[in-house]
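Here the chain labels run A, B, C and D in written order, and each chain numbers its own residues starting at 1.
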């Protein structure tokens, strides 16, 4: 099959390129980028392995998005920014399977998109057709989707352990999510705040409470507004760690629901009472999930459950999940191209 | 005045040495250590400045604890581990002002100490006399104390913004504390889990819920058990960031109480809705405190307040606060030796 | 085939485990360790992927070295410390192909080993049989070797670009090698000097001139003593960067020799005048080599050539090269199990 | 006295601000910046301590360079880029003491400046008057200078141990300098190559041989061209480590010359055969210098001397040395405002 990447020189696009370059089903892979169009791929992305460059499967030159869209092949991955992504993909929507890594098609509730992104959801007539690509939850819909909205990194790490617990939560009780993100989560942008000298040996919260756009995305999936979501930047290149504190009616039932939801899932790894570490998912598509029960710690004597989940923000949080979505959509082995040992 | 440090070669002890070496009131400073006794100080701690070493104020050789206790001077700082600290200091308790940086005298509730530390509180007859050295809260008692229990790093960063809000919290509602710590918070220990290769580009929670000993210390100060405390290790040498989500009856009254508690305090810096960054307190005794109000986000429609506080775990979280306690106790300017610009 | 690893819980052993777990020719893989014997592998090395653990190819429990040696299979990798390595492998030397990652069999000149390691080379009767496993240089001998001495990390990164230039160097002129190493190069040891807090944001030379044991190993291969080798520790988990300044009779002939030696080599990547970056080899078996000519910069007006080479100290510098040696020895595709995209 | 800083929001300017804010002789300190003009200082540089901001010594608002030059006070520090620096300072040259941290006045040899910086040296009529502000070498000239060209970071770390050895070097033998720099050495610039995600866990040489502008500056001071200078970027925020390998006629005479040059110098710290560590100079104005002798290691049997020097690139490599120059020029204690304990 042939795959095309829009935005191939950002961090997410580069990771898509690396994963797809050795994917057993992808025989032709086209990289496109506005900024690097016309440059040899080996120069635009000097970290690619000589084996990948010599494989004959990658386009030797980076195309412009317009050139790439002339013949996008079987699947188009868009790693463009929101707004630009939907507009750029519009000409091929409905003709090629599109996996959009931006936020443009993640919301059914247009009001939420509007308040989070400051504009109407783009390409309105395709919004209904989009499937939210949280693989483990919406696998069946993904199999038949022509437009897959790949979830954000924070929502992925937060929702996978949390959604199975929804029926077990005390209604209305605050869901307190504290999340740590690696710096690549902010993209490859020329801004002072992302410089090494600003981020090494530094940590801070940002957009606390409900200010972060991903809070809206999580709330959309939760179907409610009891969410308090505080993300933090910490000195990690890749990695994400989410700690979620919820009130449950009965902890053991809730833990059973979590165990059951993870059972048989190739990428969901339960670590029990041992908190997961981000290094153990670095460079992989795994979600490692730990949990702690504090009996009768809640407001009315209910149990408290603390969920801890770790992903690599560029893998399961972006490019890895996008490829998993492709695998599901095209009927490949769901783990194809995605089995890899983590960093030590 | 003369000051003596027990445990001068651990990270806390080394920081005490650096702060006290240029303190305007300390004319004689003795370093002691079990492991380094008998070695020249310049060799045991090669990072000390030539100016400090040449000042004539520091003992040129590291003493054994026993030697140091023969004449501890006006104030004895103990940076020994809990248990060992109280036992080692016992001979001089009541004769010299002791500032103990271990947990040995932090608890009034012996049961709490016992369940957190697995032993009875040591030196029982001195427990009543100890003052909990959270400077901004217990300043008046500290002025007259002969035994000051210097607080833990997590409790310091958590309690300073939280205690003023206690009267404004919804009773019984969970207090959710998520905290990030620099690696020096774990001490200078020869353990695999603290190696560079284990900690760089890695993050994980540990002892979630109520398992960490500092959860007991915080709970003791809060006087209740609605605390959920999840600490995390992140790749920072020095630094601590605490994010606390609480339910308040009325956010604006609560914010007023916070502002009022910080007013006039030389080390408490309010950053308003801008979340504090750990680099801005690195190498200083400051506590930077930000906050976010989420109106009507609580269980019963109450307001939610998110507090974010940053300290340097070795300064305000340990050695800096210990010196601040000395300054208060001896009637020095409270900021003496503690005004210093942060890391960039 | 069946492979056995001695010392599977150190950094090198863990990396061997990860590479071999997905090697297409290894059907059975046994991990052994003195410290972890008897523990489930999933617990001794919690970072292994669930896919690897479920593959049925790995021994589910860590064996003791003695147990492992009862039936080591077709190839035995020893990641034990020098001295212990040769002694432990002795019983199977000559019966099983042994790839020794320690220094025990790297030297032909016993005097060099003795002055570097402070003891006679162990297992003297096997010393003659050992082949120095610098793959690109000794490939033909490796094909028939029963005992392969896997080179050290510094020697690998230094020698691969340098050996082809030997005939072109000005005889006697100093070869100045400055090298930077990631911290895993020092092993997984419980020592203060390797703690995160000691190594982050810190750099220093160590064992300068000729004091490092690897200086002896490099000198053995160079066949002379004009080497000045100064290694440095920098804040990298994995990675090694070597900068070598040599005087050559004619730069363009020397560059041709370098180009020619790298031609067709799957793991040697020439970057020309662009200095290589360690991230581009992180997690791969590549050696990236750049060079700079300074015309007539030498003592007598000769040209100067500056070689810059980057490897991952745990891959090409240890476990990766060991597997490459196995591939050569057993007639597999030399890149089997070793093609992998680098870190971004 | 009154001091003014041009370029106060770059890393060097911010460090000048921090050092001067607590300098005992500076009673009025004005910050100026093109980009931040008109903004409150507390907002433009949020890391300044509350004590400094409340001291009444700092201008509360950032001025434009033009405003600042109306009344620059007793001393003007320029942390502007080369070219812009000389042009902006021109109106006050000769009227106010100017300490220029750019390269504009560092060269006597205009040809060298031209080939390194691609333009004629600016403000030609002042070039003769400028004194190269390498404090320990040119102290007497600095006392009377009205224009001080503050040295570059690499030249400072390289030259201080090397210049005393010049008479002892084997003439013509290559001087091989390998240097590691922290990322702040590249300034506070919005470029991809300086992002956290590009620099963490990464190392590379750049501008090897003689391509770096500082090679020209070092060569100017050495008075010859046998220099081979290869700088490297490593993951350090602040810090610089230089390893210099030279051929000397007699090592013990050379070491004596080094010892003698450092004797009595408050900021030069000899560490003997123990290589210096960058953390021990972090946040200080120290130069720590170690050395290793390799007897008879040279081309003709001469001795080799390896010098290792560590500085903080923002202190002794920029702002700290600039303040030291001010102290010398105005007859203050040379260490005023510059004695500070290093990072642990």
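Basically, contacts are C-beta pairs under 8 Å (C-beta built on N, C-alpha and C of every residue); 3 or more make two chains touch, one makes a residue touch a chain.
Keep in mind it's a predicted model, so treat the numbers as computed, not measured.
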Fewest hops from chain A to chain C - one hop per pair of touching chains: 1
Farthest-lying chain, centroid of Cα atoms versus that of chain C: B
Result of counting contacting C-beta pairs for B-D and B-C, higher pair: B-D
Distance from chain B to chain A - Cα centre to Cα centre, in angstrom: 38
Between chain C and chain B, distance of the C-alpha-averaged centres to the nearest whole Å: 45
Separation of mean Cα positions, chain D and chain B [Å, integer]: 36
Chain B: positions in contact with at least two other chains: 11, 184, 197-198, 200-201, 235, 237-238, 277, 279, 343-344
Residue numbers on chain B that touch chain C, as the complex places them: 11, 182-184, 188, 190-192, 194-201, 235, 237
Residues of chain C that touch chain D when the two form their complex: 172-174, 176, 178, 180, 197-198, 201-206, 208-211, 225-226, 228, 230, 232, 234-239, 241, 243, 245, 247, 275-279, 282, 290, 292-294, 297-300, 304, 306, 308, 310, 343-344
Contact set on chain B toward chain D in their complex: 11, 14-15, 18, 21-22, 46-52, 184, 200-201, 237-238, 266, 269, 271, 274, 277, 279-280, 283-284, 286, 314, 335, 339-344
